């Protein structure tokens, strides 16, 4: 069978650390293009991986009938336009998370997906994580009883990425801690809880510690050192209470806060058992039986979730199967995130029951 | 100067552990009555403390002109009626927390306080705690910068008090984890934040783990062992998001949950510094300066906050000073708690802005 | 802009560990000469670093108009003569600490600096240390209140460097523990305290444990193993009390002592707060507020102080800026050290107030 | 043989904790008077110990021929006058440390001792301590080689006794940390070093942390809580460098300092071995032999040094033996302390060589 021909659009960190190695490791894929508006990054990829051609303009890909599928690894502000262009050009699309800067952009992407019939998956990689899938299975099997509440904590001490750059500029990224980290945590919860429809969302976001870029204190800074001439107009703290058709969800998240304790975990509260998942690490199940309190931390072989994501994308191109990372599922997370930002602006809860569609 | 004559109404745990020893240690106070509907408890107090008379009916106190003040240490359902009777009989009142089962009852108590001019203080003892007052002072002095958010966690693993008894019967207690523990945590936050008016309250409460009284698993149980013939119709888990004229507040609280980690702390998030207070223990201040991250856990001499509360009550009887535990201040916490219960029932946020008074 | 041409004079430990790597890491510098009276060391440097020429006689450098600046990394007895020759030949000079063996030599170096206008910086590298500069900033900002006393402890158990060699020969080194280690500690204190003029100095130095070279017991010995045919006529213990226009300073220092505890720290005592700096490591701030005692150990990103020193030297050659390591500032430390030695010989305090200049 | 008849003058902490129990435990002593200007304290002693008579005025003792000896346990300002009166009345005297507020007072006491021939011992109780006597013996036996330096550290974090009271009022106590704690440490050193004559003394004392009595922060306070209407005009920090006919001595002492580490120890530095004595606790000997470094913490039975002191006093009354706590020996410590205070005032060293007698 012939190989699936791939173009990588955007050759930054996530492309190099996740997408490219996974495509290279899959015998069914072949990378034809490395595309980046910074040509040197595209060329570096060609050199490093010994395949493909370096290009600056992704529109060259649209015209190349050989290309079957693209991975979009650009900053958030290009997700929607590039994805739409690619779908319309007949390409299958794997687009990095978040789907887009806003729910409206995501809806537009979904509309084009429906119109073209091409695949549009979002890089919600936790849906391909071994541990997360074990938790999902346990919930489905009723091992937690009724899952009534989920508490989500993604609180770091001082971790703003690339202060002053793309990550902290609303026009580019669409938001800060919530859209960058929160999307992963919320999508993971939605996945495990069976993607229940949200009914109400009340939230507040704060842009505090990064505002004085020059005097921001930190121990290390990924995605580059602060640019004191740059922009910081996104959230570094977020809190929210979300009601859904399933469990309620409470969120506290911080890129930066004046509390020097890192708390990155999700609590799934069921009336039979509960689970605390340390994000990206192990989880513990708490239950009670025969008058005894039990806790247990399962040991299992963790597989590479990025590889699973890419393998899944390549397989579904052939099979037509709808993956859990399909835009139709993932769009709920966009809806929630947008509602948190809107609720914060309005200073009151957003209700999807009263308003019908948002 | 003559001593202040006191009657103790309700001779259970809080009376014996806190109120009575503090009155005995204050040279200005004299206990004339120990009152309890279980006569044996009143008699045991007379024996043990070597003073006062044991009575069953608190109305005897109303007619005794000698009695200057009362401490109400009964279950919550009697707070309002006894406090109102005592105020009308010209007695000063220190009423254990919560003020009452409902906001309406608390408003009634406040109305009578205003009409009689007698003192009505509530047993929000954290307002007399040394560490809490240091935190309040730091916030007032601007050491935290803008206090923008507070996260409140009072989550125990399996700690329902007296399962099946007064504490878990809504008609008696008015509620569960929220009204019993939450009142302390929320009142502490309100005190430190300068008692800001609440604007919106969204919350959900759950009555889950205690429902099957017979099979409830626990390690120890204060306020007596489970009574499997008793009632359990109160909350054992609560989550809420509260907006105020000051910081927003997020709450997670559990008398019981299937997460085996005890997390009893309050995070005060300011843009200059933050504080994590371990409830009833030490606190740590986190800040940043000159490019360095700082944390510090102050050492100080903890005074007995129950003694401070009683001393303050006795002193303000003479001076007329309005203490921070006065019903006029503390009633805001009742308002918030009631709103959480109402929001949970309605499945949507309660707004005090739109509705005017609740 | 053209590169600054450098000659390294003396290719021992400090040159290889600090100066040379820092010049190589700075794009504005180019090393033209490695000079050492032991030709093999110069040649080894040429081999290792792949640049420059190996020479034995530093006077060749004086005649080479290409050379802009030199780093003097020789034993102490050559500091003054080489620095003076280089300044007179129009070279900028970075001279390792101590400035010289005696205050008189240092004064002579300063005189020539003034006459030639060329830069003469001393390798008091702590002035380029991140933590030290945070402390200096805190003192300047008044965070310690009045800084009234500093206690300096540089006491090791058994750490005489190269017993019997250059370090322990007074004619070469000018002294022992005081001039080798004490210069760093005292200069750091002077820097943080704002370089206050000394007014009185009382001190005693002792040459005890290293005297019997053959039987000297130690665990490890840097700068080579003992040479039992060598010389040991320098101090291995020093104590002093120094009054200045700012705080008083008390010193205890030992290369070697019969106390098996290593105590390398500086206490800055202010009436509002105090700091204990563990030399070369972290520091802790102690204060008191609102009735509580506070201590905090800042976390910050330590930069490479040797790199900062060299970068600063190269930058000030172009900018003409006077760095805090300029001979005009650092000479005060020479004055204090000399006074400690003189006070020890005389068995009484040296006063700069009575005598005018020393 | 008849019992020695004793009067206790001053019935405060040191009398009750040390002198009285020791006299009661010695079969040769009988307490006839408890004297205190606060009559209740004298009466309480009579009650508690079941012997003696309570009096207010010590002059009644002078006239009672039965009384052989007195213990003076009053505040420092009464030491000299009472001791002199008692000696002149033919009584033997054990006077608590310090001998007096000033060296002049101590000299006057010594003069009267010489004139009367009665015993005058000072309560320098460390001279009766088992561990201290082992150290003294080791030094005398040459086990440390030449004792060239002693470092004395009596630094507490926040330990001012009875802030605002007798201890912190110069007119009563004569000084602060130096005269209250320093006298013990310095006298111990003098004893172990063979009571060598001082030759030069340079010192600085500071009165800083206790000055703002109202806001002084502490964890506990012996000798009573702060009296904000009281006086604080004494030293809370002292540093000094003392040369003697024997070793040099460096001192750092603090009743209170902004360094949160308690360091109460004395280092004896010899060229063969050294000792670190943890004040009031164990000591460690450091030495080197056969190429190995050795340390050893002796274990021995600690006797009650207060009992030894009283037993010694009672015995020497009969034997006429001159104890090491005799005024003739102890007066050197007074001389040193006075010189530290004088040097601090003058801002320069005090020399006993140049000036002859001080």
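We just call them A, B, C and D in the order they show up, numbering each chain from 1.
Definition applied: a residue touches a chain if its C-beta (ideal position, glycine included) is under 8 Å from a C-beta of that chain, and two chains touch if they have at least 3 such contacts.
Heads up on the chains, UniProt names are A, B, C, D = Predicted dehydrogenase.
Predicted model only: the values in this text are computed from it and were never measured.
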{"item": "Distance-maximising chain from chain C - centres being C-alpha averages", "value": "B"}
{"item": "Interchain centroid distance [CA atoms averaged], chain A/chain B, Å", "value": "42"}
{"item": "Euclidean distance of C-alpha centroids - chain A vs chain D, Å", "value": "72"}
{"item": "Whole-Å separation of chain centres (CA-atom averages), chain A against chain C", "value": "53"}
{"item": "Shared-contact residues (touching 2 or more other chains) in chain D", "value": "217, 219"}
{"item": "Graph class of chain-chain contacts, one of line, ring, star, complete, other", "value": "other"}
{"item": "All chain pairs that touch each other", "value": "A-B, A-C, B-C, B-D, C-D"}
{"item": "Complex contact set, residues of chain D against chain C", "value": "144, 146, 148-149, 151, 157-158, 199-200, 202-204, 206, 208-209, 217, 219, 237, 239-241, 243, 248, 250, 252, 257-261, 267, 269-274, 276, 284, 286-289, 291-293, 295, 347-349, 351, 353"}
{"item": "Complex interface listing, chain B residues touching chain D", "value": "299-301"}
{"item": "Touching residues (chain side chain B, partner chain C) in the complex", "value": "130, 134, 137-138, 285, 289-301"}
{"item": "Complex contact set, residues of chain D against chain B", "value": "217-220"}
